[in-house]
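In what follows, structures are represented as structure tokens.
Consider the two complexes below, in which subunit A is the common component and subunit B and subunit C are the respective partners.
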Partner chain A sequence: MDTFLAILRAVVFVVIAYAVVFVAALVNIVFERRVLAFMQDRHGPNRTGPHGVLQSIADAFKMMGKEDFRPLLADPVLFTLAPIMVMIGAVAVQLVIPYTSGMTATGLDVGLIFIVAITGFTTMAILLGGWSSRNKYSLVGALRAAAQMISYEIPMILGLLIVAMIAGSLRIGDVVAAQAGYQWIAFYAPFTFLIFYISSIAELNRGPFDLPESESELVSGYGTEYSGMRFGMFFLNEYAGLTIMSMIAVTLFFGGWQGPFAGAVVFWGVSWIGIIWFLIKVYILVFALVWIRLSLPRLQVDQLMAFAWKILIPLGLLNILATAAVMLWIPHWKLGMAVFSWVAFFAFVVLLDPILKWRLRRQRDRLPVVNA
Partner chain B sequence: MPGGDFHPWLFFILAAWILICGLGVVAFKKVMYSAASMVACFLGVAFAYALLNAPLVAVVQILVYVGAISIVIIFAIMLTEVQDGGYDLFFNRQAVLAAPLAVAAAAVLTVVVVTADVGQIGDKALNPSVKGISLLLFKGYVFPFELVSLVLVAAMIGALVLARKEEEKS
Partner chain C sequence: MTSEYLTNWLYVWFFIAAGGALVVLILLFSKLINPSHLTAEKLAPYECGIPPVGNPWAPFAVRYYVFGLLFLVFDVEAVFLFPWTLVFRTLGTAGFVEMLLFIAVLGFGLLYAWRKGALEWA
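Take a look at the complex of A and B:
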């Protein structure tokens, strides 16, 4: 009987995870299009259903109705396998995220590493998809995506390490518990959150880091040869990724499901108000992601790599050193860390732009002079 | 039971999966298929660790082997592979020499596994949690651990030096 219940529980959570991927992707597409339209002072999709909320559903049906087309020279096995693999990452990573108290698929005691490990699936799926398409745009897009995702994984891990140091555990439930009483990690380690958030945007391949599928150079990158529902899988993963990455960020830095009255309505061992708080926080971050995409222009490849390897990773390492020193030697380490981290946060925000501009100017000066 | 409470058949299915994928790595003529098969093999090994109640080792296996090593290998294949060339060159050249060696190695391994006295599971093996492993790593085995990282750094620097030299020649 216990085995049966355990299997049932697992099935329920996997179904929830799939549902989150599909619903989040459909919601996010409309959400993004409407928010972009609002910010650009135009209407956006507003014909299908009230305020255009049904637009994604119409798009989804259009996509499913398309011909399942495979280029003649594409590798038949890997071309099919890649879109399936891309879903694994999106679904599996949710299994360690507590949607609310008492609603986690598994309280794995290495949850933080699990999150990082599972991202590898998405990278690999994109690589295989791009390679098997037999198309130069796909190949270059896939190479760019993989290089970018591998590079930005490192600062992301450096950010996660600090979360693990603060919580004293790799279990996600403990990380949430360490933030009880509104002592959210983002409040006293904002610099860590900044590094994590920037690299998570790059992991999502979103603007300003959307080089793998920059339309003006690569048609649509690794997805060029995909159409119909196979393309739909990549598309779903990308847009569900907004929500999933924000879920991770909220869980690790913004206290997860915790909020006022989170413990008020509890039945079946699950705090139902927690879900509402969780969703509110997640969608604030999703809104920020859309906002960032709209505000910032796309980076060049060399700028992208330099930003990861020469700026984010050294800063991440220094941040770990400083955090460890503060935790070790300062008695009220949360206060000490807040001071140091907020100073670093503002220094980074203020100094980043002049430093990048200075780098750009120096590069330009080094270019050989062409005599016309 | 420290080995995890799973049905023995689960282990046999897993072992078959690992073996088949391992054979696939050798047998596939397309390099990319070999790489994909290797990924599947690594995943099987990760599942085996998970079954053995060692989630940390399982997740690290996925992180390092699937997430890093395989991706770098696929990366290299993508950058170097010639699309329309024969792959026969890589295979079967030294089969006559290799076959008896392989059989001999397999025989030795079988004899060792069958005759070895594995003994009882030690105290340390009973604590595969993150805490247990990190205590071992950072207290008991700090020196070997650091030594290994030194070897890795040396290998990395060596690779860089080799790569640079080639660049200067051309």
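Take a look at the complex of A and C:
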């Protein structure tokens, strides 16, 4: 009987994970299109259902009915394995995310490392997909995607390390517990959150970092040869990724499911108000992702790599040392960290642009003058 | 303790299998309802309508390999940092100095790669 209940519990959580992936992807597509339309002062999709809310369901069924074929030269096994692996990343990462109090599939002891490990599936899937389609655009897109995603994985890990230092545990449940009483990590470590957030946008291949699938140069990069539902899987993962990455960010930096009256309605050991707070926080971050995508132009590939290796990684390493020093030697370390981190945050935001411009000007001055 | 540990990892494998199974099911379902009219042009690699030239599985730029190596160094470094983050409060100053040296060595490695031009894309 116990075994049966355990299996039932696992199945319920898998169904929740499936539901999150599908609902998130379908909602996010409409959400993003409507928000972009609102910001660009136009209507956006508004014909399918009330205010266009059924648009993505119509798109999903259209996608299902599209012809799905494998190009003759493509690798027969890896070409299908890539979309399968991309979805494993999206589903399995939810294993450790607490949707609300008492609603985690399993609190792994190494939850933070698990998140890093399982998001690696997406990198591998994209590389496999692009390489196995045997197309030049796919290969270039996949290599760019892999280079970008591994480069930005390091600043992301450096951000996670600080979360582990503050919580004193790699369990996601302990990280949320460490943020009880509105002492959210983002409030007193905003600089860490900034590093984490920038690199998570790059991990999602979105916003200013969407080089791997830049439509105008690479005919959509690694997805060039994919059609029908196999392409749909990459697409689904990308949009579900918005919500899943925001879920991770909310859990680690914004107190997860905690909020006013979070423990008010509890049955079956699950606090149901917590889900509402969790969703509100997640969708504020998803909105921010859409806003960033709209506001910032795409980077050049050399700027992209330089930003990860020359700016984010050294700053991330210094941030770890500074955080450790503050936590070891300052009595009220939360206050000390808040001062340090907010100063670093504003220094980064204010100084980054002038310093980059100054460097660029110096480089231009060094170039030999060409007389026409 | 042991059984809980094992159950946790059963969950991991179950979720990974479930993620794969979901895609297989969706692909099978879409196979049932979608059409299939293959032609030689459709099956050829897409290169903006021009007949493809050469094999795309040719050697590619070496800089990806350099970044791969650098990534490996820093990823392994993170593996060493994770246990330190959990115990650094009890290790105190000695642990901090050791980690300072470790990160300094890595920092010099990064500086070396930078000076050698390994971080330049062009």
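As a convention for this text, the second predicted complex is superposed on the first by the 358 of 372 C-alpha atoms of A that agree within 3 Å, B and C clash if a C-alpha of one lies under 4 Å from a C-alpha of the other, contacts with A are read in each partner's own complex, and residues count from 1 in each chain.
Rule of thumb we're sticking to: a residue touches a chain if its C-beta (ideal position, glycine included) is under 8 Å from a C-beta of that chain, and two chains touch if they have at least 3 such contacts.
What you see is a predicted model, and the numbers here were worked out from it, not measured in a lab.
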Partner chain(s) touched by A:I113 [first = subunit B, second = subunit C, both, neither]: both
Superposition-derived comparison: subunit B or subunit C, residues of subunit A touched: C
Contacts of A:A10 with subunit B and subunit C, given as first, second, both or neither: second
Partner chain in contact with A:K357 - subunit B first, subunit C second, else both or neither: neither
First (subunit B), second (subunit C), both or neither touched by A:L170: both
Subunit B versus subunit C as contact partner of A:R47, first or second or both or neither: neither
Touching partner for A:K62 - first (subunit B), second (subunit C), both, neither: neither
Partner chain(s) touched by A:L139 [first = subunit B, second = subunit C, both, neither]: both
Touched partner set for A:V77, first subunit B, second subunit C, both or neither: first
Doubly contacted residues of subunit A, that is, touched by subunit B and again by subunit C: 108-109, 113-114, 116, 131, 134, 139, 143, 146-147, 150, 153, 169-170
In the complex with subunit C, residue positions of subunit A that touch it: 6, 10, 13-14, 17-18, 21, 63-69, 71-73, 80, 83-85, 87-92, 94-95, 105-106, 108-109, 112-114, 116, 131, 133-139, 143, 146-147, 150-151, 153-154, 157-158, 161-162, 164-165, 168-170, 219, 224-225, 228-230, 232-233, 301-302, 305-306, 309-310, 313-314, 317, 320-321, 324-325, 327-328
Residues on subunit B engaged by subunit A in the complex (per definition of touch): 30, 32-33, 36, 39, 55-56, 59-60, 62-63, 66-68, 70-71, 74-75, 77-79, 83, 129-130
Touch list for subunit A against partner subunit B, complex: 75, 77-78, 81, 108-110, 113-114, 116-121, 123-124, 127-128, 130-132, 134, 139, 142-143, 146-147, 150, 153, 169-170
Residue numbers on subunit C that touch subunit A, as the complex places them: 5, 7-8, 10-12, 14-16, 18-20, 22-24, 26-27, 29-31, 33-38, 42-48, 52, 55-57, 60-61, 64, 67-68, 70-71, 74-75, 78, 81-82, 85-86, 88-89, 92-93, 96, 99-100, 103, 106-107, 110, 114, 119-122
